[in-house]
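What follows is a single structure, written as structure tokens, with notes after it.
Each chain gets a letter, A, B, C and D, in the order it is written, and its residues are counted from 1.
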Amino acid sequence: MNKTKFGQFGGQYVPETIMNALHELEAAYRHYQNDPEFLEEYGYYLKQYVGRPSPLYFAEGLTKRLGGAKIYLKREDLNHTGAHKINNVMGQLLLAKRMGKTKVIAETGAGQHGVATATGAALLGMECTVFMGEEDIERQALNVFRMELLGAIVEPVNSGTKTLKDATNEAIRAWIHRVEDTFYVIGSVVGPAPYPEMVRDFQKVIGEEARKQLLEAEGCLPDAIIACVGGGSNAMGIFHAFMADEAVELIGVEGAGKGIETGLHAAAIAEGKVGVLHGMKTFLLQDQQGNITPAYSVSAGLDYPGIGPEHAALHEQQRANYVSVTDDEAIDALNALCLSDGILPALESAHAIAYVMKLAPTMSADQILVVNLSGRGDKDVHTIAAYKKGELQ
Amino acid sequence: MNRIDKTFQALRAEGKKALITYVVAGDPGLKQTVDLVLAKAQAGADIVELGIPFSDPLADGAVIQAAAQRSLNRGTTIDGVFDAVRGIRTQSQVPLVFLVYYNTVLAYGREAFLGECKETGVDGLIIPDLPYEEREEMVALMDESVHLITLVAPTSEQRIEKLVRDAKGFVYCISTLGITGGGAGFFSGLEAFLAKVKSQTETPIAVGFGITKKEQVKPLLPMVDGVIMGSKIVDVIHQSQGDSAELDAFVRSIKIEFE
Amino acid sequence: MNKTKFGQFGGQYVPETIMNALHELEAAYRHYQNDPEFLEEYGYYLKQYVGRPSPLYFAEGLTKRLGGAKIYLKREDLNHTGAHKINNVMGQLLLAKRMGKTKVIAETGAGQHGVATATGAALLGMECTVFMGEEDIERQALNVFRMELLGAIVEPVNSGTKTLKDATNEAIRAWIHRVEDTFYVIGSVVGPAPYPEMVRDFQKVIGEEARKQLLEAEGCLPDAIIACVGGGSNAMGIFHAFMADEAVELIGVEGAGKGIETGLHAAAIAEGKVGVLHGMKTFLLQDQQGNITPAYSVSAGLDYPGIGPEHAALHEQQRANYVSVTDDEAIDALNALCLSDGILPALESAHAIAYVMKLAPTMSADQILVVNLSGRGDKDVHTIAAYKKGELQ
Amino acid sequence: MNRIDKTFQALRAEGKKALITYVVAGDPGLKQTVDLVLAKAQAGADIVELGIPFSDPLADGAVIQAAAQRSLNRGTTIDGVFDAVRGIRTQSQVPLVFLVYYNTVLAYGREAFLGECKETGVDGLIIPDLPYEEREEMVALMDESVHLITLVAPTSEQRIEKLVRDAKGFVYCISTLGITGGGAGFFSGLEAFLAKVKSQTETPIAVGFGITKKEQVKPLLPMVDGVIMGSKIVDVIHQSQGDSAELDAFVRSIKIEFE
């Protein structure tokens, strides 16, 4: 038996119909994860296509403005398609290809994972369908059009809350239906095993690069690593390489939406209870009856009512620390980073910046923070504009 | 032996097959659910599956999703469903099986949930998102009074033997690649699939998912011990706004195929 | 006297009021262009902030689809802010800072140069005003909002054709007015000397990298280099390093808009006559009376009625070859590249791809084309959508 | 000695200063332009600047840009402007100076343009985008009949000496940092600037850009040989729809300051 859990979290809580597919995936992943030829191919695309390594940029403007710790930004926003999501997609699609699959499906919230999947599928000549909640389709119209240009079919999902959670349900349903020739490309460290582990492995390049780059730039490790947490893939991607460095604090930032006390948030660790959704056991936002309650965040990539099981375990083991920031704080942080360093972060990533804005000033000038700037904010411009006009308040 | 076992034993003795029908608890209301289950039993349903509505029913198609959503919108609670079971049990001993997602069980507490099942008279649990690999954490807490029903899918292949080895109550054979409500039609190797399952177990087997027309029923009967009808029944209930008489008539029209 | 011309082209045809500022700029540029400290600082930002080197990606999908020459794409679309423009902006702003200027102005068409300038100005703590034609403000609303987020003031220009040409007039007027404390950041290889030369020098890193990368990948030089030409900065940036390699054909692609014969185009070399505009002597679209005629292209970054003077000279010397493609061809090429390689190019860059789609199939599999993919197309999504709906036809 | 030189010589002899006014040829129409120039001359304008409309007048502010655009929209051509000059010359020998952008000259052909100037009786050219460094390509083709007027700006500083060395006709001293129409007010070191220019040349000097009120005129007169009024005149013409009488009145109201 393969290990499918992180402590009590994770597992494979899925319908029997797809169990064989999961086992097949697991076997393929175990085979290729150490296969030099596969890793070389993956590395080739990361370098030549995605544009890796991404810089670890010393944010002089923000550092000066906050007047505390030195702040470094891991620039995943510079990746092809504008976020960290493509790292994982390339890994999964190359695996799918080796498994002989010609069709792929994906769920998407902000649209970034959908765009990344559509992109990789176009590149590798695969048929691609992306499930997306109708509300997200509205919020992220730009990304919908991008996916369509890339030849993907965007399937609107109008069940439930019409956001990422429901798009995921629908993608799983579609996978059940087409399991024989279709590869399901999950966009974060969520879902049934082996996805959480596999997605983390396809994202760990972020932390590996950052660790090396910081050692080169500063000759030491950072005091803390900070990343936003939707499902948790960018966070696991940057945490992983520092896991054994116990002195390095790992901080995940959830979306507190309009404030935890309002109930309108996406803070699964802060407010969730252990449960099962989308094939995994983890912390979930849910009511007394076990029904999943809608997550809310101004950022479409964060409003997911769960969190990857490895994060749940890191939280339980207290290896990582999970905090949350509100919409308002994230928007302020987005503005601040635009003005201090000329970088428009994704709203998701702005959550990590927002927490840095609280933390850095309490630290000394010889301390170092590394932030995962998981994506760029071009996709969010309409949301930000609407927010500023108060339409979302 | 609980009610499920006894039912199959009795049917087998007569050379008959079971009609298993589904209803979403609380759609259109829990009071009607009691009446509808009683009506079904009256009309010939041998076993009744009672769905506990869940926000994210990922094994279900549009019809059952919508029914569950309507039920939740009316405020259906788990305790309310148990109360409905109590209501049914005052008038009928028809075998009752919950279709329940695992998070519902976890939220209620596994022991507490099983305790209530036993106390109110639920005979079986179908937990679509608790596959073989994860079931131990439930099975460990269960005794013979409530069966955890095993599901087997066309894609189970080599797993079938392992899955059905300790199957209790009946084996739920999924007839399509897909979710409830079908539409895709039966899996093309259905006959061989059912034969294979049958050959691996003494436990009765029932087939379901995507059976919507009575014409589909008769050809299946020789291969199985029971036939499950879900979305279609939910739809009939919804279209008739929970009218027991209409449901009665529909179930009877199906039941004829079993004679 | 410094050399201000390329053959008969270029010069400093500007009002006396700014002549001293040009001389000052020229002196500063001559001083710093070989200053190791300045170049190191510039290199630092290109690497850590812009994300250079950009990959030279072998476009396997497009190559296969066209079935001729091997096609390599120089991925300027992966730069911070999404186009080559930032290379030049960082150079000019670092120069401005050394000259003690605290305010900058810029003109913009597509908005890319405006965004880049707003970005660099935020990073370096400078006050920034961007002049933009009202029509372009409409077409590139996303970029307008980005500039504003970055703290820049976007000045709508409603004179003339309300596009880049007029924004440039207005920027020059503003510069005349504020010449004493303001640095004018020109966005292409246009304007009075020393801008065309200086902007080329700040873009030549594109070609230098590409040359090295191709030698590494293939061990030889390409048969041709292809780049779109608005003002001509991305083209000069990639041409420059190959100038002495006479066997390497240099091809600039102008926007033929709705077709040269319709008069609605931006093909200054194909259809222009020598004249003077924006401080330089070059090929210009103009009528019998010498009035500048509006350029038209679906791509806001190409509809400029002139061309950089160095291109004019390269054309006259026949060192480079200038061709043009229509809106329709560019949109087709954009679609093709999305589907073949999962890359959404800027509409400007799609013009270069469109020409490649004509050229590559006529070549053999051992020949090599290098295309400057000058920017990404996210900014153009609304334009493309409107075009597809026929609103622009 | 052409008309400009003679005019300044005559004024100097009387201890007087020149009033130089601007008009955009073809706004509201070329026929009116002839009348307006004649009216100005009658009302006391000593020299008239005639602007040839250009699509991209980058040294001009909003008022003159708009006038040029109106004129172009009416179809004004370069030949049309020369015809207007011919019309003026049948009735007046007022010195005429073209304000023309360099591309207009290039499009017409430099020799041809100069030939027409000479033939129709244009006395000077102000080419705002042809600075000292580029003027050789024009100067080489010119003789004494038409002067290429030198512009000097507050920012010219050390360049002044070089610029004015061979100045012909008059030196055009720009009074503001900015474009025509002003609004920014005079450059703060204007007095010193004008004094410096004056000290470097024998050629008459005139000051312009942003002179819009008659109150501004008198204080300037002691420092210069002429004052240029541009946008304000263009505006008066536009507001009165090209009425010669209104222009006459306005020019007279300014001219009083020169007495």
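Definition applied: a contact is a pair of C-beta atoms (placed from the backbone, for glycine too) under 8 Å apart; a residue touches a chain by one contact, two chains touch by 3 or more.
Remember, it's a predicted structure, so these values are computed and weren't measured experimentally.
If you take chain C and chain D together, no chain is in touch with both.
Each chain gets one centre point, the mean of its Cα atoms, and the points for chain A and chain D are 66 Å apart. Rounded to whole angstrom, the centroid-to-centroid distance between chain B and chain D, based on C-alpha atoms, equals 96 Å. Look at where the CA atoms of chain A average out and do the same for chain B: the two points lie 37 Å apart.
Annotation for chain D: no residues touch 2 or more other chains. Contact with two or more other chains is made by no residue of chain C. A linear topology is adopted by the chain contact network, the touching chains following one after another without closure. Of all possible chain pairs, those that touch are A-B, A-C, C-D. Remark: chain A residues 4, 11-21, 159-160, 165-166, 169, 172-173, 176-180, 273-279, 284, 286, 288-293 touch chain B in the complex. Contacts from chain D toward chain C in the complex involve residues 54-59, 61-62, 65, 69, 72, 77-78, 101-108, 128-134, 151-157, 159, 163, 174, 177-179, 184. Taken together, the chain A residues at the contact with chain C in this complex read 47-49, 51, 54-58, 60-61, 75, 77-80, 82, 118-123, 125, 142, 145-146, 149-151, 334-335, 338-344, 378-379, 381, 384-385.
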